[in-house]
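Both complexes shown next keep chain A, but they swap its partner, so chain B is in the first and chain C is in the second.
Our next item is the complex of A and B:
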């Protein structure tokens, strides 16, 4: 079992006060000539014990609650089937458009909404995966760390169809996604799922850094390219030979990914159905047993202690309200 | 001492006394109710020679008339000073006892009898104890001293000492207490007092026999200091009242062969009512 701790241990120094109810009655006593006249009663004896105990608990539990007890958090080892996947989602302004390159109207859905719908289904189908979510536009954002809490992941995915803004800075997004993996778990199957509708230019210095980082972490890379109708594809060869990365960023990014030396696949999709097909392929590729450590939060026990004190105090109040003496108005002194 | 009405009483049994007084006694004397005739040689009272009986006697013996001498008696109040007598309920129990003693002291000395007070708790209390005196002043002073006492004894075993101090000659004894005694002591006390004409005056309080129907009652014993919590409910109230009635029956049973029937004085003492009970044959 885990260690029990206190936030304010000094409150427990008053704990001997809890013994006072054993010495004194909470009720006002009525003096009678002789107890011989009062019949012995087992129910009353039980009630007396309960009241004594109630007094002790009321004081003791209050002090315990004030001391702020907690069970310290632990690290639990868990096993899962699947992979550690970081979804790196493009949040640039162009994701607000439909796959046809228009502002969504009527029953049409934007690329972001389609991605959300499909990713949610993907997450639900792979309940044992460890999934983290990161988003990027000009700057990367950590949305949820790698976790097996599906609810948190789904909530993160729910948030990605908020209107995006700004440009596509893939390099920094990838750097963040890679940083979410722990280096100590290099033996696990890990993958980055990049979802974007365009590519950006990665300058040569960042290329080298990313290349080194990918090699070090050994992460598979899946690029889900949501191609807008009519725009350039990944493999579209341009007319001239002397094309620059600025002219065809998708193609050059693809070439860069291929040169990384890690498992890499690009899926170029032009419709929601094609996207699902691509995800199914990823699903098939990434299935391995995973062992991971999850940190459990500490459990705060003061609420339970206060609840116990409340119950005991209520019992005492009931007894106090029911208190009577002999005679009409309290009777004998 | 205003408003005190005489408490009348009639002793039971034959009292031996040297003083002429108001009550029937076993003494024979020259005046009073005719008792019998005795030979002059046995009762040489020349003034009471019964001429008719003397002449009628074939052997010529002289006879004397004898009369029942009315005598004064000794009356004692034995007052319990144990803690339970300090109970204040509908009435202040000790106050009732002291007032009763004062009334007795006044009435007893007025009729020519001697009055004494013994007070006791665990033992006899000398301060407020006075042997029988014919002086009303001394008797009332003794009662006043008694009133200055505080009942706080933890037992009433002193009643046995008081009984021993009374001696063997028959006396009228008012045993004033609430009789919240353990049963063995009750039995011993009635045994020890059996040579005397004992009138147990039982002080009871209307609150004692009227417990509440519902509620939580925390009780403390006035003598032992013991505590008891009672969760009152109709069944328990009934048991309480039954226990009280059983106590009275028990007291009546214990006193039946050794003394008069107990006289219950609830809350306050009515001298007329008490007189009727004390003079009943």
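Our next item is the complex of A and C:
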């Protein structure tokens, strides 16, 4: 049982008024020469008692209802299918171009706008996920922490099709995304969803740091690579053994991600439909029991109080309608 | 015998019953409640690391002072208010998220403000005027007010001539330019490539004069002046650009140009009064719960039905007594 609370406790200060029906009846007074003229009868005593009580209840319950009583809601821990996901979104300038590498015109959609539309649908479909948003260009930025407040996550996704910044610095972005997970929740299913339209070269020192960090946090990684038409892709054939990471950053980044030792999938997409399909696959993969807190709404008790007051008032009205005058001045007040 | 329908106590009981029935039929009416929407844009350039504020005896950086004040401001706002957050560096304003409900989404909003960091800055330059003008555009698009937190330190210094011009309509967006920083010059912390603090900026670390555009007036009197080869004079300018204080005059001039108001950052409560003075009120639909009033009315009607005659009699007696007292001296 939870704590009882009142919205307007001041109404209860008037509660002593509810005692007045004990002293005064709502019925008319009648002059009778002597009380002895009426025989004592227990039924009348019960009726009188009921009417007094009815009056007390009518006033008391009305005031109680006015005070707005409620039982506070609880926070219940529940389990559902879902995951903790950090969306790491590329905000470099090229995200504002279309998948064909042009400035969007007419009905064309920029990569960022397509990502926004599809990610929002993804978020809405997965209500039990805890989602955080980070953005990166030259520097990483924590946008919203991992949270179950979907409105906040959506507001962060809404902002991603605004003009982007400079370059793509994936390593620092990934480090930021990993730092957003709390180590205390290592038993939950956790994933980083990297959405970018390009890759960068990660220097060897950062490679080692990232690898250690990924192993420690045990976070799976999904790379949604929005490939611009005609540019290099993840699965392009190697140009030879002496190919440097600078020449084919996408392929080398993919190789690096494979070497991390955590669950990893790359989705190379060239159209909005393919992006959607990739997210559907991620949706299927990231379904593990996840703990979440559901806030139960509070229970409003004022309706019951008003119902009680209504019954009591109705009783008084019935009594009032049934009253008859006695003696000569029966009709008088 | 038929009941007396004109009995005032029956009527009172009927009214009580009607009020109680109304709590079930019309528990709420729609009203409008004022709220505030604003976009907070925080300068995260290097000079915001200057520690010239203090909290419980310890020096804190300007950025931390902004975060504390902003979080205190959130707690003051009436409920359906919406807050967006952006950061400023270089010459651009970067929107982190669009305005969200300050009450329902307080936890993520608070955490996002806490996470603001100078390391988010994508470039070291600080073109306050350009950033401000973009922030104003953004606030207009988001239909919000603007709170722009900056110390007004342009880095590199603005050109001597050709002050930035504001193309938008002045006063179209309401809000504040909040000047952050002390009035005394303070040293600016310096960081290495890995983000560790390594002392303070020295006099040789920063340019002290803009060499873009036309030279300032009087440059021809400088030593080594040559109209073609050395229009700014031969000697490198030395100034105090490696130290920082809040540039109030500059920020006031920007405020005048853009129709925003200027306020100096003290604390959250001061910020709230400063903002409330210029904020645009946004009435939002809200439901007003009638049930407490209806319940109180029902209780009052029942009470009068029971105690009415008693009160009426007491009232009459009091009047009679007064009447008699009134008569007595006349006798």
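Convention: the second predicted complex is superposed on the first by the 209 of 333 C-alpha atoms of A that agree within 3 Å, B and C clash if a C-alpha of one lies under 4 Å from a C-alpha of the other, contacts with A are read in each partner's own complex, and residues count from 1 in each chain.
Keep in mind that, in the parts below, a contact is a pair of C-beta atoms (placed from the backbone, for glycine too) under 8 Å apart; a residue touches a chain by one contact, two chains touch by 3 or more.
Here the structure is a predicted model, which means the values were calculated and not measured.
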{"item": "Touching partner for A:196 - first (chain B), second (chain C), both, neither", "value": "neither"}
{"item": "Touching partner for A:47 - first (chain B), second (chain C), both, neither", "value": "first"}
{"item": "Which of chain B and chain C A:110 touches, first, second, both or neither", "value": "neither"}
{"item": "Partner chain in contact with A:84 - chain B first, chain C second, else both or neither", "value": "neither"}
{"item": "Partner chain in contact with A:275 - chain B first, chain C second, else both or neither", "value": "neither"}
{"item": "Partner chain(s) touched by A:217 [first = chain B, second = chain C, both, neither]", "value": "neither"}
{"item": "Chain B versus chain C as contact partner of A:147, first or second or both or neither", "value": "second"}
{"item": "Winner by number of chain A residues touched, once chain B and chain C are compared", "value": "C"}
{"item": "Touched partner set for A:25, first chain B, second chain C, both or neither", "value": "both"}
{"item": "First, second, both or neither for A:39, with chain B first and chain C second", "value": "first"}
{"item": "Those residues of chain A which chain B touches in one complex and chain C touches in the other", "value": "25, 28-29, 322-325, 331, 333"}
{"item": "Touch list for chain C against partner chain A, complex", "value": "1, 3-4, 7, 9-10, 13-14, 16-17, 19-21, 23-24, 84, 87, 92, 94-101, 104-105, 107-109, 111-112, 115, 117, 119-123, 138, 289, 291-296, 298-299, 302-303, 305-307, 309-310"}
{"item": "Touching residues on chain A, where the partner in the complex is chain B", "value": "25, 27-41, 43-45, 47-48, 51, 319, 322-327, 331-333"}
{"item": "Sites on chain A touched by chain C in the complex", "value": "7-8, 11, 14, 17-18, 20-21, 23-26, 28-29, 55, 58-60, 62-68, 91, 133, 135, 137-145, 147, 149, 151-153, 155-156, 158-159, 162-163, 165-166, 302-303, 305-306, 309-310, 313-314, 316-317, 320-325, 330-331, 333"}
{"item": "Interfacial residue positions of chain B with respect to chain A in the complex", "value": "84-85, 87-90, 93, 178, 180, 182, 205, 207-208, 210-212, 214-224, 226-232, 236, 239-240, 243-244, 247"}
